[in-house]
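Multiple structures follow.
In what follows, chain A forms one complex with chain B and a second complex with chain C.
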Partner chain A sequence: MADSSDDEVPKHVLFKDRPEWKDIEPLGEYDSDEEQPVVNIEYSAEFKDCYDYFRAVAQKREYTQRVLDLTDTAIKFNPANYTIWGYRFDTLKALEKDLRPELEYTKRIILKQPKNYQVWNYRNLIVTELQDASNEKELTALALAEDSKNYHAWDYRISILRDFKMYDGELEFATQMIEDDVRNNSAWNYRDFVIHRTNNFWDGVETDVIKSEIEYTLDKITKLMDNESAWSYLRGILANISGGICGSKRVNDFCHNLYYNKGNRCRFLLSFMLDCCFRDHEVTYRTKEGDERGPQLLARIKELCLELATEHDVTRKQYWMHLSKSFEKMIIKAELERQLYPSSEDEDSTCSCSTED
Partner chain B sequence: MENLLKLRDINDIRKNLTLSLEDSTETTEEQIKVEKMVLKKYEDLHAQLNVNHNLPELLKEHHKRFLSSSLEHLSSSYETLDASRPWICYWILHPLSLLGVRLEDSYKSRIVRFLAKCQSPTGGFGGGPGQMPHLAPTYAAVNALAILGTEEAFKVINRPKLYEFLLSVKQSNGSFAMHHRGEVDIRGAYCALSVASLTSIITPELVANTAEWIVSCQTYEGGFAGSPGAEAHGGYAFCGLAALVILNKADLCNHHALLRWLVNRQMSVEGGFQGRTNKQVDSCYSFWQGGAFPLIYTILAKEGLTPENHLFDARALQEYILICCQNIHGGLIDKPGKPRDAYHTCYALSGLSIAQHFLNNKQVLGTYKNELANTHPLYNIRPDLVRKALLYFHSLKNDAT
Partner chain C sequence: MAKLMKDIEVPSDAPKEILFEKHVQFINEYGKDEDNFEYGMTDYLRLSGMYWGLTALELINAQPSQCKDNIIDYVKKCQDTNSGGISACTGHDPHILHTLCGIQILAMYDRVDAIDVEGVVKYVKSLQQPDGSFSGDKWGEIDLRFSFCSVMTLSLLNRLDAIDLEKAIEYVEKCKNFDEGFGSRPQSESHAGLIFCGVGFLSLVNRLDIINRDSLAWWLCERQLPSGGLCGRPEKLPDVCYSWWVLSSLAMLGRLHWVDGDSLKTFILACQDAEIGGFTDRPGNVPDPFHTIFGLAALSLLGEKHIQQVNPTYCMPQSVIERLGLKPQILT
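Here is the complex of A and B:
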């Protein structure tokens, strides 16, 4: 390990040894004659010294430059101390400081401690005060380059997009992140967020955007079948069209081909087809067709559940068996209702993936 | 009904191993590494079974010792938890109570006095004495006090001030900020509703729009995110569901999608849960994901669809916790190779308790010596202690009116 001299940290001087702090009496958490607290942390001398001085100035409500410097040290020792961050913010406001340098300051901390709630929240406060989010995409991209699934970074980027309406180029960003790791679920989630925020989906119309998202996703599934992220995204997109999960002929044919022609038994495919059957039943049981299709669909549902429970997804056996019974109960209930209250309206909708031709 | 579980067949586990494909991604590579480590643990245990039929064993005495010593003293590596000390109390007291440890009354008093010092004059609790009130340590402190369960402990909580604090962080859209100017996320809603329901201070004003806001955090995957638009996540999903159940409004969310998302978080090889899709197994999700199941069962029961068994693989989850996550010197870990800590000890054991109990049935892996006390899935406190606290605070509510 070769340390460059730039990285050398100057030796830390205790606050009690600093002349500019002579007027302050440090304040411990406990008086010396008090009992030992539980969960007693063995603080280093530097940590205790710093926080004793912080408690003293906080009690006096001192908001000065030296307190600002003190919060810097206190944050270094424990960036998760939300009280310190709040005090720092109040001090900056009291001193009428320019908040811009805080961007550089928080950036340094975020890149060192990217999983800390407090620093992201503090940055958000600063950016909101400045009403300037022009650096935020770059910062989150840097954090995501380190850890492409960092929840804080994605969450923060989402809030910035929403608060500052900065959606331009974000679909491309999602595409790039998915390209880097097609199993990065955070990136897929982000894609869903961007797509829904930048498009209007109305009346269940299968718009061009939906069509192209379907193609995009089917392509990813074809390349890596066993990727739950892509299958879930597909469900999310289909939820926007009438017919829902089985409302797209393209997707139905895709599944049908995988299952019947290629013999694919990926658990996500089976689970998808299962929900398709159920949805199909929901849509058709009120129609003339329902008489015949109802029992067919129920049989298919039970078959798929059994296949999953015993062969392709044994870990979730209890769930698939439960689902099979639940579907059966719900379908029988629906059938009974249909016989009791027959409806004349004819909805046409069929799902080609659910039963074999 | 009691039932001793047997281990999964090691060959069945091997069948589920992730294959290294040519186009494999970073996620796949990492996943394969974890599976290798975990499989090694399972193979080692199967080899030892010939010698010791009582395996896997929950190292109760070791865990008690680790927890008891942490309650007293923590190394300087815990400095970054200086603002989470009520949490540490809860993370220790709860697993101790699951292990059936009874604390001396004088010792309980000492813990009560510490938590009392963390209470803010403006209501709620901070991460340590003198720190600002924050919903997370408030939740932890109230839970810890409920576990201590003495009148002295209950009396610490300043309910009118607590109510003021909760209202002060409530946002107009129904959500809650964690503290003054703090982050707004679904933890806030759960922490606020949990303490408010436990101490009987819930009002319509406190919960206005909250259920609707929580539902807006449910994602296309079925789980809940920390805030609208973000990714479904185990910790947040538990918070969202538990908060909805407290509000008696679970029917507002899509629980079929939630259940599908939940069952898919269980890992086929490891047996434990992951927090998010395509992430790695971690023992703390044994509770965050596992604890959501009993809550779902209550929703299913209302529809006449009560399950006959746990809807996740309770045996596989117990295997993961017992075989892969115990530090031999006491304490539990996230996954093999990680250091032990109070947080994972708390949530791994909470998850183990959930897996061992289904309604009134017990299904224990290993011998019955491995059994833990039951936990209440809404608060993650033993049900008898929840009842005691609810009765106490409810009587105060009646006094006040």
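Here is the complex of A and C:
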């Protein structure tokens, strides 16, 4: 920010030296000098002076213009003090002040301290009170232009959108943010939020929106394979269709092509394929088809996990070996059950499959 | 640039052993330094600061420089007689974050009786919203953190019956995302700190069954970067405090061994300040009590012998949790 006049407190006059505060006895933090603070804090004289006067007026429950000005100074000293923000809100209400100037005021502070919980929450109070969220998209966009992963700004934008139902243009906003940084997980999360808030997904149907989201995501993955966020978004989208993670032929072919034809061994691709194998087993469990495919799937999973554990993702080898072992157990269990209860298999399995999705 | 993975390099001359004495000194000196204006700026989280510092000392079997009676008196003074809640320091409004920290300190010193327990219960109860969520204070900020702090406070007081637990669980479930993680509110991005809150909450109420355990555990161990350190979200830098949020969550899920403990330990040790003690977020930065407790607690989870065993749900010494007869759900 170019404007630095608010940052500094030039020629700050202590409250104790201001005539309009003569009637107030400042209230120190400790009752007496003999008291030993547990954690010793060294305040600057200005800071202590301001907060001593704040404590005094807060104790008297004074809500006046001078208190409003005092909260301004106190916030400058420490914008993260939530008591001050609450007191400021009460004072404004008591004085029946127009809350509109607070929008500009909080905007300035937010853009200087975009990770301050208190000011975002205070802003939310003001906007809710005014029932006017028309400036909020612009403000959050500004904060995100500074830090595209600012949790507060995204979270705030989500809550405003939800409360005021302002979804127009938001898919485009998500697209732009992903365009700027395709690895920005916050933007992918936002996309998921917008898509789910603006569409109905029912009965596992692969709607046009789902199809186009799949295309969009596969395009991003093609451009940058090693992108956890995009793969994770893809799983989220596929969870809406019947067959789940392996329910889209387009995605299955895409993965198949990458792995077999292009020799791609990105861990997110491999992990995705592994989860498809698990899903396949779940669906075909105790069916004739499943029994036949079991050993084949097992071999495939073992191979993938071993590749990951020893070559492509050694850091997480424990995870991959765990997957391999747990799948092996599942196959053995299915085989045992097949041998023990051969007659009931068909009814049971058909049932559990069809309720699965 | 976008194609590079975000990470740091651990300097070769960084500390490789735990600097116990330095840490005791660091915590006991913290805030006494006249030049330390920063600390004056943090009065709004003082009780939390005390909890971080005192728990760190406890874990490394050291004593605070203040006598415990003074500490207990201080917590007592921070309790608001009206609402029953506890504030960060005298003269501030009560908040659930500090209410929990106050109770954790008192529980650690076995002195919960020093305050008005029913007042605290009443306060926590007053924060619950009709949808089951909890606000942090009377100003109505809603966050999964506050759900976790509320149930942990009541759990330490053995008064979980005071709130609508079913509704509270329902809300936490709504904060679970498509990637199995948790965000601060429904549909907010998954974040390791909030995952700790979600998993911790479910551990306290014995409902870890809600989580797809292995999928979440995978997301968590994906947070480990080549430097060994853990980050909080995809494509973010590693930070010592995430060693705690991620490891403790994995510990509750029974999947602690899925991260590479050796390289993580190297990273955490490298975040110590060899001169003045304490832990920083990343090697070479300024230490503070927040990163110090979470660095030490993470090392405890990694099996460091000279640090007391820490409980992954409460972030308090296991011995305290056992003394209180608490049994948070930990999957094996």
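By definition in this document, the second predicted complex is superposed on the first by the 316 of 357 C-alpha atoms of A that agree within 3 Å, B and C clash if a C-alpha of one lies under 4 Å from a C-alpha of the other, contacts with A are read in each partner's own complex, and residues count from 1 in each chain.
Assume a residue touches a chain if its C-beta (ideal position, glycine included) is under 8 Å from a C-beta of that chain, and two chains touch if they have at least 3 such contacts.
Just so you know, these numbers come straight off a predicted model, no measurement behind them.
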Chain C versus chain B on the shared chain A, clash or fit after superposition: clash
First, second, both or neither for A:L142, with chain B first and chain C second: neither
Touched partner set for A:S159, first chain B, second chain C, both or neither: both
Which of chain B and chain C A:E29 touches, first, second, both or neither: both
First, second, both or neither for A:K329, with chain B first and chain C second: first
Touching partner for A:T83 - first (chain B), second (chain C), both, neither: both
Partner chain in contact with A:A94 - chain B first, chain C second, else both or neither: neither
Contact residues common to both interfaces of chain A (with chain B and with chain C): 29-30, 37-44, 47, 51, 55, 58, 77-78, 80-83, 86, 89, 117, 121, 124-125, 149, 151, 154-155, 158-159, 162, 181-186, 189-190, 192-193, 197, 224, 228-229, 232-233, 235-236, 239, 271, 315-316, 318-319, 322, 326
Chain B-facing residues of chain A, complex: 29-30, 35, 37-44, 47, 51, 55, 58, 77-83, 86, 89, 117, 120-121, 124-125, 148-149, 151, 154-155, 158-159, 162, 180-186, 189-190, 192-193, 197, 223-224, 227-229, 232-233, 235-236, 239, 271, 313-319, 322, 325-326, 329
Residue numbers on chain B that touch chain A, as the complex places them: 12, 16, 21, 23, 25-28, 70-76, 78-85, 88-89, 92, 110-111, 113-114, 117, 126-132, 134, 178-183, 219-221, 225-227, 229-233, 259-260, 263-264, 266-268, 271, 276-279, 300, 304-305, 307-313, 316
Complex interface listing, chain C residues touching chain A: 2-3, 5, 30-37, 39-41, 43-44, 46, 49-50, 53, 66, 70-71, 74, 87, 89-93, 95, 137-141, 177-179, 183-185, 187-191, 214, 217-218, 221-222, 224, 226, 233-236, 255, 257-260, 263
Partner chain C, residues of chain A touching it in the complex: 27, 29-30, 36-44, 47-48, 51, 55, 58, 77-78, 80-83, 85-86, 89, 117, 121, 124-125, 149, 151, 154-155, 158-159, 162, 181-186, 189-190, 192-193, 196-197, 224, 226, 228-229, 232-233, 235-236, 239, 271, 315-316, 318-319, 322-323, 326
